[in-house]
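Quick heads-up: structures coming right below.
First chain A sits with chain B, and in the next complex the same chain sits with chain C.
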Partner chain A sequence: MRLINTVLFAACLAVMFTIPLWADQGILFIAGLVLVEMVFALSWNLLFGFTGLASFGHAAFFAIGAYLCGYALRADIGAPFLLLILAAGVAGALAAVLTGIVLLRRTTGIHLAIFTLALAEILRILVGYSTALGREDGLASIPRPSLELGFASFDLASGEAYYWFLCIAASVIVGFLWLICHGPFGRILVSIRQDPERTTFMGINVPAYRLAAFTISGATSGMAGALYAPWAQIVTPESAHWIHSTQPMLASLLGGAQSFWGPVVGTVLFSIINYSTRNLVGLAELVIGVVLLVIVLAAPSGVVGLVHELRRRLTARVSHAGPGAEGKAGSKGKFVQEAA
Partner chain B sequence: MLTVENLTAFYGESQILHDVSLAVDNGGRVAIVGRNGAGKSTLFKSIMNAGPRAVGKILWNGVDLGSTPSYKRVRAGLALVPEDRRIFGHVTVLENIAMSQYGVLAGETPLDPESVIQRFPMLVPLKDRLGGQLSGGQQQMVAVARAIAARPRLMMLDEPTEGLAPIIIEQLAKDVVTVCNENEAGLLLSEQNLWFAKQCTDRVYVIDTGRIVFEGDWATLDENADIKQRYLAV
Partner chain C sequence: MAPIDLLFTFLNGLSTGMAVFLVAAGLTLIFGILKILNFAHGAFFMIGAYVAYSITGSNPSSLWIFILAALVAGVVVAALGFVTDRIVLRRLRNVDEAYTLIATFAVVLICSGVVKLIWGVNYASVNPPPLLDGAIAAGPLFIPSYSLFVIIAGFAVYLALDIAIHRTWIGKLLQSVANDGWMSGLLGINVPFALTSTVIASFMLAGLAGGLLLANQTLSPILGESYLLLAFMAVIIGGLGNVRGAFLASVLLGVIESGSSLLIPNMPGMATYVFVILFLLAKPQGLLGGHRI
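Let's turn to the complex of A and B:
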């Protein structure tokens, strides 16, 4: 099973890194957006899927990072691009920690979701009034930077070059989140999601862990925004819109919020559905809605949960075949195990 | 070690506890017995500052705990095993026990989960199984093992025998007494099962509708048939 997972993972990485070699510019652009939204969805799901906190205004943190990076690149302040991404992460973390300190002590359920939604909308309206940030038009013509590493310099002006940079940056952030989610910190977050009171009785400071998760989530959302700005080359107040906040939710629920990779799978699937229905004028939203409804009804734990369930059933069927059926089911059993 | 003085507790406008006072000496083993809804769980949660609005004094080693949050009370040496077992389903038995490391007293180290599990023979073959795959009795054992691994000074067990088979209850009684003795930990036990409570403790309080109606040793309670009939008979 582990071998199959490794092969699948390597194949996905290979597809991701080779897209510029075989796809046209349109698909390349969508693939870049998928990478950005993937990071955004994972950062949201650190809160929802792991900690049990729902934020309906997460696009605010994304927009903070996007505007910070876009503004700095347009103003050509000379800061290294990697530093800008880190600064966007710090800005997202600061916004999250302030929001968390105010909200998490008072509320964690639906009220938190509504409060974050309200804060994001306030941010969007304020940005729309700001002349420095381009008011409703946003910041356009954001230049793509070059990457100065000291020992080497890479020009990211071309779509292909920036896409490869996106691949590496997204992989690093996803790797960081994976380590967090699969270490002791992640286990405590899951415990908090399961039962905060029980976790408190273990001597764990639940509010502090919730705040830490909120901060990390805000930071990585900010970094996703910073990666987005030079890719799209435009940032508008819509990046803080509540509709953008629903993207990571849909992706996580579609892919499976209880699984680390669920939001990644969900983002990819959501983009494929979006792309496939782009020519159905007036019907695209309806088709997307129906498809999402069917998937969510058929697989409440998301696509990843559905795959796990199918694997479990197949494994159980193979083991129930028993020794008497070995002659006939032997090859079938082997096939099932390999496929899983 | 633990002294509760004139504790009243409320859920919203409803008063659940009325001037409850009790004491557990260092290493002492005390039972709180009473019917369903008598206020046993509310008393335990009030001692841990975990839910009800409580007024009164809770002294731990002579220090008033005041508004000390629950997790700090755990780190001060109080361990609560709530009534619905509550072990973590997403980690193994060993990992469940290892999570006790967050609740140890400052400067102390938790007990090694492997050594703790040896004290609960029923858990030994299950140590790598996920918490969610255990039976009720096994989960209760894990909950007690996890509490004891943090080396608490006082272990509070809230109705540990609820829903368990008689043979498991018998085993649990032996294990609880053994681990408390080995770790010099006190025990505050909330129970409806009088046999189990008697096996594990020396002193007993009877609670009814949020008031302590009897305090003494088991022999005195046994002599007092009226109390048993009025407050404990089904």
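Let's turn to the complex of A and C:
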């Protein structure tokens, strides 16, 4: 099983890195967007799938990062690109800390959803009003930077070069999130999602951990925005629109919110559906809607959960070892547990 | 600023608020009794508007055709509500609310895809029917008669809903189901039937609202979103699931929206969101929170 996973993972990485060699410009652009949205979806799911907080205004953090990076690149302030990405992360984290301090102690559930949504909409209106940020038209023709590493310098102006940079940057951020989710910190977050009260009884400062998760999520969302700005070369207030906030939710639930790789699978599936139905207006939404509905009704643990369930059944039949295999699948989340 | 401006702004706000309430009415009903936050409500509102548009065309020939179209839209959307309840909502009665949101969001996507496939993506607009296309002069004040119509329709729907819920046996029955579905079942109330009826009524209100509000907006596949957010805010500020609260909150939001477009015309919606945030920080349970329905 471990071998299969490793091979699968390596194959995905290989596909990701070789896309510029065999695909056309259109697909390359979509692949780059997938990488950005993937980081964004994973950031959102750190809150939802791991901590149990549903933010409906996550696009705000994304937009903060995107505007910061886009503005700095256009103004040509001479800061190294990597520093800009970090700055976008810090800005996202700051925004998350400020909102988190006010909101998290008071609200969860629907109220948190409405608060975050309203704040993001306020940001969108303010950005649309700001002349420096291009009002409703946004920042257009953002130049792609070059990467100065001290010992070497890479020009990222071409699509291929920036795409490879995106691959590496996204991998680093995803790796960082993976480490967070699979360490003691991640386990505490999961226990907060499952039962905040009991977690408090274990002596864990639940609000502090929630705030920490919110901050990390804001930071990585900001970085996703910073990666997006030079790729699309345009940033508009639409990036803060609540419709954009629903993107990571849909991707996470489609892929499986309770597993780390769910949002990644979901983002890729989304883009494939969108791309293959692009010729008939309305069909893409119809297909995505039906798929999403089937997933939520029939397999609430998403595509990844479905695959785990199938594997569990297969291995159970082969080895006749029910309980062990069941325990393995059950640890993936409460919905699988209930189903099993 | 002349007092006449203020009065005009207030009437405008009242009309906006009533429009919001027409959408929020069904939303708050379904939330109060089923505890489902129906994201798809705006989408069905949009379908109602498109159905009514198919009947009236761009120039409704008379007020009666306009109202008839709204009623037909209500019935069609109610039928869709029955189907949605069978396929989707019934399965979500005991599931975590996040999954309900996603499922209803999936329904939004399906609705918007179907609308695009049937009616296309082009904008359409509908003129108010004769009798409602003018304005009524009251002294120096000119009130568009369509705004007056929306205000009256909003009041009528509110009164009908309030009387149905608080003064009739059906309403009492629904209240008991909302309070304790299990106990109501033991007492011999057909709970699944009551819940399905609520869904149908809520969807009918959405379709009716779509038909009644048809005239003062451009018809496009994003119509659902424009009212949905305001209606959501009204439901939440009103105290989740409370019809009277939603009514008060809708009027409040309408007046704030219209007042802010007088004072800060460059930032539409800003005042509303700021108000919602401050209000909920001060009073998270809502205007009439605690009193269910």
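FYI, the second predicted complex is superposed on the first by the 318 of 340 C-alpha atoms of A that agree within 3 Å, B and C clash if a C-alpha of one lies under 4 Å from a C-alpha of the other, contacts with A are read in each partner's own complex, and residues count from 1 in each chain.
The definition used in the following text is that a contact is a pair of C-beta atoms (placed from the backbone, for glycine too) under 8 Å apart; a residue touches a chain by one contact, two chains touch by 3 or more.
Keep in mind that what you see is a predicted model, and the values were worked out from it rather than measured.
A.B. asks: If you count the residues of chain A that each partner touches, which comes out higher, chain B or chain C?
C.D. replies: C
A.B. asks: Could you tell me if A:L293 is touching chain B, chain C, both of them or neither one (first, second, both, neither)?
C.D. replies: Second partner only.
A.B. asks: Output check: A:T200 vs chain B and chain C. Expected answer is one of first, second, both, neither. What do you get?
C.D. replies: After superposing on A, A:T200 lies in contact with chain B but is clear of chain C.
A.B. asks: For a test of understanding, state which residues of chain C touch chain A in their complex under the given definition.
C.D. replies: Per the stated touch rule, the residues are 37, 88, 91, 95, 97-99, 101-103, 105-117, 120-121, 221, 225, 229, 232-233, 236, 240, 266-270, 273-274, 276-277, 280-281, 284.
A.B. asks: In the complex of these two chains, what residues of chain A are touching chain C?
C.D. replies: For chain A paired with chain C, touching residues are 48, 54, 102, 106-107, 109-111, 113-115, 117-119, 121-122, 125-126, 129, 242-243, 246, 249-250, 253, 280-290, 292-293, 296-297, 300.
A.B. asks: So in the complex, the part of chain A that touches chain B is made up of which residues?
C.D. replies: Touching chain B from chain A are residues 187-188, 190-191, 194-195, 197-198, 200-206.
A.B. asks: Which stretch or stretches of chain B touch chain A in the complex?
C.D. replies: Counting only chain B, the residues touching chain A are 48, 50-51, 69-71, 74-75, 79-82, 86, 88-91, 95, 99-100, 102-104, 146, 150.
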